[in-house]
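Some structures to go through are shown next.
Same chain, two partners: chain A is paired with chain B first, then with chain C.
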Partner chain A sequence: MVNLNTVKPRNGRNYYIALGLEGSANKLGVGVIKHPRLVSMSQGDNSHNCDVEILSNIRDTYVTPPGEGFLPRDTARHHRNWVIRIIKQALEKAEIKDPRLDIDVICFTRGPGMGAPLHSVAIAARTCSLIWDVPLVGVNHCVGHIEMGREITKAENPVVLYVSGGNTQVIAYSENRYRIFGETLDVAIGNCLDRFARTLKIPNAPSPGYNIEQLANNCKNKDRLIELPYTVKGMDLSMSGILAYIDSLAKDLFRGNKKNRLIFDRETGEPKITVEDLCYSLQENLFAMLVEITERAMAHVNASQVLIVGGVGSNTRLQEMMGQMCKDRANGRVHATDERFCIDNGVMIAQAGLLQYRMGDYVKDFSETVVTQKFRTDEVYVSWRD
Partner chain B sequence: MTSPLATYSSPDITEKLFAVKEGNSRYSTTNGKTTGPSTYVLNAGQVDIDKPSDPRINPATQQPTTLSKLRMELTGMQDDINEFLTQRMEVAKNKKLKIQNTSEEKRIENEINELLDGGDGDDDEDAEDQKEKNTNAK
Partner chain C sequence: MSLSHTLTLNIPFEDTHQADIAMKVLQPDPILKPQDFEVTYTTTGNSLVASFASIDDRVLRVGVSNVIDSIKTIIETMDEL
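Let's turn to the complex of A and B:
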């Protein structure tokens, strides 16, 4: 039986405080959370219902000019130069007076992600741990998303659709592991959308995916989809071909390539489609593929709930399409969170890390804090669930 | 407070010591020479808003605070280490390139020699021909 009260809070308190540091991509997030030490937590799997209190959730994003992606070196530099300032802000907002006494554990993202940015944040975590004499926990980024989503939505055992700039996975829990049922065979969905945004040269602030969503919302021809490849392969999917194809359409549109009859009218030479049409069709096509593999996973494990996590999970159209699918299934329900918790943040790392810490699993030697770019979701032993 | 030190060692270098050189201006700034934004992003129109904060000055002494002094010294040392490692990478790259070029030159020379010896440049076919000749001779 799971006992989440295995480790006692520091200094005789009846609650735990965790500091979470996230920096696996272009977002630098620092969050502070509080878990009360409830008796119910020692009597079985209540890991989705910790009564978490979010004391602070500060995020700073490295934004590049339109048409450009973020490079590891510059992203790492952003994190390195902001991390102390963001930690200070987070502690101040959480009213942490003395981190030496008030913080139980420091949680940081160990992977997966971009090597250099991960490294910057890990160094900050190690430094704080040494200065304050507080234990460390290295967290799998994907598990962070899942645990935060479960806690916020109270979904006990959902099929998880994890969609972000670096990952696209359909996950279900079984025997202490989050098992991957299906995933992308090439680029992640967020990467596909971001790269298309680069072709369109639309701004990267607040996020390229959000700007594509807004363009798609303004599409005036929602009844007329542009035909795109539909590449579901069993439980997996592929998106690089779709990206290459829609990129070529966009380039022909911008260049005014009248030979492309899909885009330009044969008679008048006027464009038949707009950038908004391209964005709408791309979203519909990609999201339909996601809904299909998620429904198949639900059928496999006989689940009725879906939890959408990751940056792309904040797309309201994806939530709507998933909701329609769930509605057609008996007792189906879709759970999603807003941008505060969907998009990478420090709180989610604190949540997953604190669960791990409460089970007595924390860093005993600094060699365990080495970050890793490749760290699959199913590599983590989920001791905090039955 | 003592200044920071760093050592580097590898199979070909027993020990390389990095230390703060007194009076050198690179140890009295938080803006390093090698730790700025990459030229690529600057050319793309990036405005650098991610600079490290300036050193904090103690109003009483009008000198940088202890932590700020440490930050400045580390910035200079980071430049030293980055330059050293970049140089080593260049050397390693040139060595690799030289080996590649040598092997490419050698391949071309072999091919020319082979052609001069009457071959047609197709190694596999030549080998087959030779094998057939040997069989017939038996």
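Let's turn to the complex of A and C:
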């Protein structure tokens, strides 16, 4: 049986405080959370119901000009420049007077993500751990999203759809692992949307696909989809072909390539489609693929709930489509968090890290704190669940 | 090719404890190309001593500048927190 009260809070307190540091992509996040030490936590799997209190949640995003992506080197420099200031702000907001006494554990993202940004935050985490004499926990970024989503929505055992700028996975829990049922074979969905946004020269802030969603909402021809490749391969997806195809359509549209009969009317030479139509069709097509594999995963594990996490998870159209599918299944429900927690943040790292810490699983040797760009969701032993 | 290009940095800290922390923070990270670049960290008194060896000046410059970036973060953490 799971006992989440294995480790006592430091300094004789009756609650745990965790500091979470996230910097696996262009977002730098620091969060402080508090878990009361409840009796119920020692009596079985209650890891989705910790009564978490968020004391602070500070984020700073490295923003690149529209039409450009973020590069590892520049992102790492941004994180290095800001990480200490953001930690300071987060501690102040959480009213942590003396970190040596008031913090139980420092949690940081070990992977997956871009190496250089991960490393720059890990350096700060290690130093804090040593100067304050506070234990460290290295957290898998995907598990952070899952645990934060479970805690907020109270979904006990959902099928998790993790959709962000760097990841696209359908995950279900089984025997102490979050197992990957299906995933993208090439680019992530957020990356696909972001790269199309770059072609359209629209910004990628605040979350992947946000501005495409806004354009898609303004689409006036929702009854007429532009035909795009639909590439579901078993439980997996492929999106690079769709991206290349829609990119070529957009470029023909901008260049005024009248030879393209799909875009320009044969007689009048007027464009038949708009940028809004392209965005709408791209979303519908990609999300339909996601809904298909999610439904199949639900049938496999006999689940009725879906939890959507990750930056693309804040897309209301995706939530709506998933909701429709769940409604058609018996007693289905969709859980999604809002942009505060869908987009990368420090709180989610603190939540997953604190669960792990409370099971007695923390860094004993600094060689365990080496960051890793490739860190599969199912590599993590989930000790805090039955 | 041998690691013929070398450089040693002496970074003074306020006390031996701080120098020791800096060494512990830097040490765990593996070198991506061990055949091209090497670094060892030691402490003498209040100072952190980083000794680099590399196959050419370009690799040396990149490697050293990465380590200096990390050291800057460490020092800022010690100063501010």
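Operating definition for what follows: the second predicted complex is superposed on the first by the 384 of 386 C-alpha atoms of A that agree within 3 Å, B and C clash if a C-alpha of one lies under 4 Å from a C-alpha of the other, contacts with A are read in each partner's own complex, and residues count from 1 in each chain.
To be clear about the criterion, a contact is a pair of C-beta atoms (placed from the backbone, for glycine too) under 8 Å apart; a residue touches a chain by one contact, two chains touch by 3 or more.
The shown structure was predicted, so the numbers you read here are calculated from the model rather than taken from an experiment.
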| item | value |
| --- | --- |
| Side-by-side fit of chain B and chain C on chain A, or clash | clash |
| First (chain B), second (chain C), both or neither touched by A:Trp82 | first |
| Which superposed partner A:Ile131 touches (first chain B, second chain C, both, neither) | second |
| Partner with the higher number of touched chain A residues, chain C or chain B | C |
| First, second, both or neither for A:Phe254, with chain B first and chain C second | neither |
| Touched partner set for A:Phe366, first chain B, second chain C, both or neither | second |
| Touched partner set for A:Ile123, first chain B, second chain C, both or neither | second |
| Touched partner set for A:Glu68, first chain B, second chain C, both or neither | first |
| Partner chain in contact with A:Pro99 - chain B first, chain C second, else both or neither | second |
| Contacts of A:Tyr381 with chain B and chain C, given as first, second, both or neither | neither |
| Residues of chain A at both interfaces, chain B in one complex, chain C in the other | 77, 80, 85 |
| Touching residues (chain side chain A, partner chain B) in the complex | 62, 64-65, 67-68, 71, 73-74, 77-78, 80-82, 85 |
| Interfacial residue positions of chain C with respect to chain A in the complex | 21-22, 24-25, 27-30, 69-70, 72-74, 76-78, 80-81 |
| For the chain A and chain C complex, residues of the former touching the latter | 76-77, 80, 83-85, 87-88, 91, 99, 119-120, 123-124, 126-128, 130-132, 366-367, 369-370 |
| For the chain B and chain A complex, residues of the former touching the latter | 35-38, 40-41, 44-46, 50-53 |
